[in-house]
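What follows is a group of structures, each given as structure tokens.
In what follows, chain A forms one complex with chain B and a second complex with chain C.
On to the complex of A and B.
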């Protein structure tokens, strides 16, 4: 087994946890320490990617590009990555991020919409960036569909394709099935991004590695949306115990975790009933608030609403559907 | 696959988290709700078992037997269990627990010392209690030794034997190897008790079930020593998603988790650097405090001390060894 390439995402997925209020000082400290620990890739972007700072997705304290610049200054041998969701971020944003020193981009689409990533992947490649296709909500499509979409990203020139468990909904078998199919049929690197809503993020990452993934996302202190991601320092320690090489200094990562806990984490990232039910239902963590409001309005259990939304495969940007779904469920309840 | 029998341990392992300060009201509430949710076994005892309330292990707010009585009053169809570590608890304690209404006992010994459980298991059986052998620190002995010790407990009359990952140190393969060997060679039920220090408690519990265990411990809100145990409500949801029957009402468990979070949990049970390193080193969580003190005294990294203690297989009750080990390490450092 080759070396596992870790991407630290606390400064991107963790942006959701701190309401997009990362400061330059925090970014600089985390990047410098992660770099010294030997983390090869560090992602720095608004939680919803470049251009995410908005009334809809939450305003950042600092302009993304300024945070990228701050990160690059202290990144040493680590590569600074940005996230880009076509439709939220633009080709112009990407060019600015490149000029600020970002040398990796992850172009993220819903798992069935890889075709919208074509222009962005091609542009990133033409600038010489390491370019990753990022298939969000991969739990919601069968392995064959994930493969077909991954192949599209590979055909656009992506250097790697990620299976992204945005909702923290995957069981070990779900990961194994998707990663092993991609491994069999793609010639580029395979990656895996987990959320811990079902308490399986570390185990799912191990399953991904066993099935052939060599790129794994982690977030120090679990700092990420929902129940957080694969806890970096824990994964590094577990891989070390298993004799799998990450080239990352465990003690430095533990020291960084102590810093993040003391200075950034608003509250420990354990699994609440709310974050659990999102993974169980397979929906975005941003849905919870809407479901609770709809629950109060229509007298339907918010958990039932979320599970129904998961069954209907409702995706981000379709928040209006939540009200509609709750209303239909309330009417059905009355009519029974 | 038959039904999985869950034992809720928040009111026993979680006793460590609340400094053994559970009140009768808390015990009554948790037992009543867990019983209504359908949890078959609920353990109520000081964190270190019957007789644990002492200056050495921490004084309980309420006498164990009174908590057991309070639990039994509202337990409905659930069976109230007690933990007994021979040496800390006595046969007299066991008889009192039986008189208070406890109908299951888990007789716990270090993984290599099953022979000290003989009298306690035989007495419990003769009183008609459901009697479980509980092999603590099972990670520290090879599978063949765990089997040999489990066979002893079976020969004394135990109705089931647990592989107990007291330090949260096991990887998936460690669980698989031990449980499958026991399953092959024992005719009694096999159980598994996890801690989440390596973020693998839920995944390890699934691995145990796959390998043949049918009794699993969970703690609501992860309330247990170190990084806590297998989070009950999460495990119930994951097993439900996998089509494995526990007969437990998920929503009721989530409601109970909300209560525990609001009324009992002193702080969310996430994985700190401290709890991680205990799992990584394979030592009891009570060692951390001693290692930090020894670290300050001798100028050796507390993590190095804990890892060395793990290598030396230091067990509970040998806390003096921590100082000795740190001193030896400091001397070695100077002499190099």
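On to the complex of A and C.
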């Protein structure tokens, strides 16, 4: 088995956990340590990608691009990546990120909407960036559809396509089916991004590797939306035991995790009933914080809100629906 | 009363939906539909309805320029540029439904009166037509520092043009939120949702005011009034829940159901464009009549 390329996403997916309040100092520290540990790619962006700072998703403390600049200064041999969701961020944002020193971009769309990424993938490639297609909520489409959409991204020039389990809803077989089909039919790298809502992030990442993925996302100390992502330091240790090479220094990652736990993590990143329900109901992981806030505001159980959102087939980005759903549920409760 | 003769350039979904609306208008005469494909469903529908059709594009119309005084352009940004070059010298008025944005942005309830004498006006985007009236109404009550809109539409209602250039939507809408809506800073987000059955278009407006809302009731009334005004020309336009007002933040949740003329009802995003364009055409017709009788 070849080398596994790891992307550290704590400074992007973890942005949800801290309400998009990362400081330059925090970014610098984490990037410097992750780089020293040998992590090849480190993603730094608002949780919802470039331009994500908004009333809809939460305003950033620091301008995205300034955080990218801070990261690049201390990145050493690591490549700084940014996330871009067409419809939220634009090519203008991408160009700014490039100027700030980002050299990889992950262009993310809902799993059935890959064609909106064409202009962004093509532009990123023309600037010479390493360009990844990111199919969010991949659990919600059958493997054949994931393949068809991944092929589109490959045809636009993507260097790799990710199966992204945004809801943390996939079981091992779901991962295996999607990754192996992509591996069979695509010639580019295949990646996998997990959420730990069902306590399956590490296991699913291993299933993805076994099925042919060579790019895996991890977040140190599990810092990510919902119950977090695949815990980087744990994955690195497990892969080491399996004899799979990541070139990452385990002790340095463990030290960084301890630092993050003590200094950044606002509350223990375990599987709460809310984050479990998201995986169980197949709801976009970053909805959790918004559902908790709406639950307090309207006096409705956050678990009920999340299950209702699952029924309504909301996709990533529709945070406004959470308030509206909670308000409607509260009204119903009163009228009964 | 003499009706104003109008032509529609483009026999695709938008053009055909608009044709059905113009045919019901008491102020506009559906004179000619101009397409480039004689076998297109739109041109067939036009012919069946007894409307004059031209199937060799704008060149065909230039041979019969007397057929229309006002032209709706439902083609593409690129084609629109050419249409303006050819039609402007003939004194024709053009209502542009493409993202070209050559003429000034117009929203019927907000700024149309100011641009009635322009030869070309632009209809912005579906998200712009749905949200700018609300932002403007809020701005009339208290200064808006920042306005942000999130438009969520059914995947099936997003055509290849929108998909190939989604940045055009976010950037044009954001600019119009500032220029027409009056917010100091604007932002727009668009989300495509593939749920089946397809969802109706929804738009959420979030405004941050310079100061806390002074009179929440007055703010609410202003919002409800503008929704009623827009509803008069887009019948499926409505508030989804009551506006939420907290400190200096105002949130408005809107839904747009289409009339289902040519497009399915879930495509409220397309309906609001054709309905708003029709309204612009009708107001132009009223103004021209006034001029003719010398008021």
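Note that in this section the second predicted complex is superposed on the first by the 289 of 336 C-alpha atoms of A that agree within 3 Å, B and C clash if a C-alpha of one lies under 4 Å from a C-alpha of the other, contacts with A are read in each partner's own complex, and residues count from 1 in each chain.
Here is the rule we use: a contact is a pair of C-beta atoms (placed from the backbone, for glycine too) under 8 Å apart; a residue touches a chain by one contact, two chains touch by 3 or more.
Keep in mind the model is a prediction, meaning the values are calculated, not measured.
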Touched partner set for A:272, first chain B, second chain C, both or neither: first
Partner chain(s) touched by A:113 [first = chain B, second = chain C, both, neither]: second
First (chain B), second (chain C), both or neither touched by A:171: first
Which of chain B and chain C A:198 touches, first, second, both or neither: first
Dominant contact partner of chain A by residue count, chain C or chain B: B
First, second, both or neither for A:142, with chain B first and chain C second: neither
Which of chain B and chain C A:88 touches, first, second, both or neither: second
First (chain B), second (chain C), both or neither touched by A:327: second
Contacts of A:242 with chain B and chain C, given as first, second, both or neither: first
Partner chain in contact with A:233 - chain B first, chain C second, else both or neither: first
Residues on chain A lying within both footprints (that of chain B and that of chain C): none
Chain A-facing residues of chain C, complex: 146, 148, 150, 152, 155, 160, 163-167, 169-171, 187, 189-195, 199, 202, 204, 206, 208, 240-241, 244, 249, 251, 253
Complex contact set, residues of chain B against chain A: 171-172, 196, 198-203, 206, 221-222, 231, 233-235, 237-238, 241-242, 251, 254-255, 257-258, 261, 267-273, 276-277, 280, 301, 303
Contacting residues of chain A [partner chain C, same complex]: 51, 54-56, 86-88, 90-92, 110, 112-113, 115-116, 118-119, 312-315, 317-318, 320-321, 323-324, 327-328
